[in-house]
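Heads up, there are several structures right after this.
Two complexes come next, and they have one chain in common, chain A, joined by chain B in the first and chain C in the second.
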Partner chain A sequence: MGIARYWREIPQRYNLIGTKCGSCGRVYFPPKAICPVCRRKSIGKMEEYKLKGTGTVETYTIIYTPPPHFEGEEPYAIALIKMDEGCYLMGEIVDCDFEDIHIGMKVEACFRRIEEDGTRGAIQYGYKFKKAE
Partner chain B sequence: MRDVAIIGSGVTKFGELWEKSLADLVAEAGISAIMDAGIDGTDIDAMYIGGMSAGRFVGQEHLGALAAEVSGLSELHIPSTRVEAACASGGLALHSGYLAVASGMYDTVIVGGAEKMTDVAGKEATNILASAADREWEAFFGATFPGLYALLARYHMHKYGTTPEQLAAVAVKNHHNGSMNPKAQYRREITIEDVLNSTMVADPLHLLDCSPITDGAASAVITSVEKAKEYTDEIIKIKASAQASDSISLAGRSRFDALPATIEAAKRAYKQAGIEPSDIDFAEVHDCFTIAEIMAIEDLGFFKKGEGGKAAEEGLTALDGEIPINTSGGLKSKGHPVGATGIAQIHELLLQLRGKADKRQIEKAEIGLAHNVGGSGGTAVIHILEAI
Partner chain C sequence: MEKVGIVGYGAYVPRYRIKAEEIARVWGKNGKSISAGLGVYEKSVPSMDEDTATISVEAARRAIKFSGVDPTEIGAVYVGSESHPYAVKPTATIVGEAIGATPDMTAADYEFACKAGTAAIQTCMGLVKSDMIKYGMAIGADVSQAAPGDALEYAASAGGAAYIIGKDNIIAEINETVSYTTDTPDFWRREGEPYPGHGERFTGEPAYFKQVLSATKKLMDKMGTKPSDYDYVVFHQPNGKFPMRAAKRLGFSKEQVEEGLLCPIIGNTYSGSTMIGLSAVLDVAKPGDRILATSYGSGAGSDSFDITVTDKIEGYPRNNIRKMIENKVYVDYALYMKYRGEFK
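Moving on to the complex of A and B:
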């Protein structure tokens, strides 16, 4: 992923900044310019909102055939997490045996390296998830 | 809006066609559809071609002009448009052509779809396919395309008790059907054990739960029902042509046991056709992964939600079953040249409706449905055809 493309999403990837609809109160991640439920009523009322980072595994998979930027990382676990605020996030589950991962497992976001652009390129960071304490 | 008919179709062989270029495939499919329809180039008012990512697979964009040229239509300067909705590009090309004819803007339109996927290495092809998902919020974090469907499969298994054997039954059935399709990429039978023993790609999906990477093209000619009578006595009417969208990312949705875009497109299609799911005799559904066929036959209303796996296991979707699904072999065995798939499904419906499906011909083929999905359900396109 190009540097600018990565850089402009640092607030979301580092600090889980999403948006909250000022009309209905629903929380979205990544940030939305408009609420898909309230639509017109939400324009100008979408506020920045920092997610707590805690949630529950809704479903998960173990990836054995990785994309190019994850080569050498396989096998690894990817899950769809229902965040406590109600929105869903996709991310890797780390620091956990695959056998322990299950639907309904409580997780919390952590800050990790996602990929490196070769040995001299930029290192890209973002959120992953681990079992909640 | 006026009634629209399909008067001809054609497909290339599907497979790893190293000796053929994208242009060769487009020309071959287009010419065979024109020959089948019995029309001449001067009869054609416009062209729509579906392609997901020729730009990344072979470094070629501007598919509309390319398709017009290789089909021998460039001197006629007809409007030619490329449409894209990932793996639903073909279905969307037909929907676009349908709207143009139904509106009265054009009389006769050629639609097509093509993808040349094996000029790049397998890993690169997989990476290109991941662009059908959300690059920033799914692919970046390590999700692959099979991974997204694996998430849906795990959810379905957890909620409804769907088993790996039931998923495998879909692949076994589709390979059986494909073994009788001379155009199919894989014409060999497989067993449940073959599927369960194949390499794990994204748990719970094995390699043989996944459709392959394929080169191929397909084409069809459509015109108004009135005008179709000038060309043929065998009128195949497009009873419905419907499209629906959804969030491109799975995380943007609120249910994971279905593809809501399929449910919505189906609702619209049945309403337009004035029929119920039980009126459909057979269907080609988008089985890019085995779980996708199980969700599709539920979302399309053929089986209750949660009972798709059981239906596959009990043979209800086999050639001689209650409702034959993917008589062509589906994406799984016939192959999945992403842009071509939606039109290739239509070609199979035509063969069945005309009674020309040879060894895989089903007994009652009067109303058929084609279901084409883009990405993990960001787009769904449904067509219902009837022999009148």
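Moving on to the complex of A and C:
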């Protein structure tokens, strides 16, 4: 990923900043410019919204054959998480034995290294999830 | 003089551990005798996706959450470490952004071997006392380096702690701080080198003990106190033995040291060492308790703090760090090397 895109996405990657529709109250992550439900009624009413970072594992899988940037980190768990605000997002589950991961498990966001552009490039940080304390 | 002190604190230690015996097995040493000699039984190991920035953020977020401080009121973020992820590009901006303190703040990374975090506390105290900022955040964190097979490898570990310094809602007042600093080359890492070098036995008497004992005595002289006036004492913990020996030479008891002595179970977290130890003490301290904390950074210097716990500690969420340390998973030497990125 290019530096400019990473930098633009820092608010969502570090702090789970999404958007909330001022018309219906639905929360979106990643942020949306328009609410797909309220459409024109939401124009000008989409507000920044910081997710609490807590959610529930909806489903998950263990990756044994990762994409090139993540080679060497396998195996790792990727989960679809339903955030407490109702939106869904995908994230890695860390610090948890695979046999303990289950659908319905409560998780919370933590801050980790995501990838780096070789040894000379920038390091990208962002959210992952761990079992809720 | 207006009071200044700790408004919030949070500490973080990664989940993985390696036993000193496992390291000794690989290098053909007697693990039991090394553990007994150093007073280190196991040490924390960072996961592949953890570094000084992520540990700093985790500690800082805990300090914010527990204290309830509005992060936009934090006017300075200083991160002390000798393992910043970048040689050039601050860790402190990553932390500032991740806790929501940016952009109206000043920030910098500090380096003074293992005492950069306590130097950051002193900087924040100055800025708060002079009303340049309302709150300052001082962090000490490391993912320590040690050459495979070096004596340092038995202790060099990962962890960190963050302190919010301010004047309002102080849970522990910092009554005084003094420093003792000399040019003593006991431990160093040259630019571009992956591992530190050290002066073996030279790191003890003229380095650690000279600075730690001098700073601590200087503080007690200034305050007119004696060891028995303190409920707890925390020293920098390069191993389990040095802080105990420093305590004995100054006239502190074993009991005064034990609560804040985590090195035997997590190793030497370098810049995190004194600060995580102090957090373990604050986790159990009662209002009115008096704490003496002295850091040590090779190169060399010590910062010593005289602290009194206030009534506000009662409402602070505690019992954190020892609980976190109990949640652990052991790795063998090969996995430890992989997690540290030693296989190129």
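The definition used in the following text is that the second predicted complex is superposed on the first by the 133 of 133 C-alpha atoms of A that agree within 3 Å, B and C clash if a C-alpha of one lies under 4 Å from a C-alpha of the other, contacts with A are read in each partner's own complex, and residues count from 1 in each chain.
Quick note on the criterion: a residue touches a chain if its C-beta (ideal position, glycine included) is under 8 Å from a C-beta of that chain, and two chains touch if they have at least 3 such contacts.
All figures in this text were calculated on a predicted structure; none of them were measured in a lab.
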Side-by-side fit of chain B and chain C on chain A, or clash: fit
First (chain B), second (chain C), both or neither touched by A:39: neither
Contacts of A:73 with chain B and chain C, given as first, second, both or neither: both
Partner chain(s) touched by A:10 [first = chain B, second = chain C, both, neither]: second
Chain C versus chain B, contacts on chain A by residue: B
Chain B versus chain C as contact partner of A:52, first or second or both or neither: neither
First, second, both or neither for A:114, with chain B first and chain C second: both
Which superposed partner A:125 touches (first chain B, second chain C, both, neither): second
Which superposed partner A:103 touches (first chain B, second chain C, both, neither): first
First, second, both or neither for A:91, with chain B first and chain C second: first
Least C-alpha distance (whole Å) that remains between chain C and chain B when both complexes are overlaid: 12
Doubly contacted chain A residues - partners chain C and chain B: 73, 114, 128
Residues of chain B that touch chain A when the two form their complex: 123-124, 126-127, 130, 136-144, 146-147, 150-155, 158, 199-205, 249-254, 256
Touching residues (chain side chain A, partner chain C) in the complex: 10, 14-15, 72-73, 94-95, 97, 110-114, 123, 125, 128
Residues of chain A touching chain B in the complex: 1, 5, 9, 29-30, 58-70, 73, 76, 78-80, 87-92, 103, 114, 126, 128
Interfacial residue positions of chain C with respect to chain A in the complex: 15, 47-51, 53-54, 57-58, 61, 85-86, 94, 97-98, 100, 329, 338
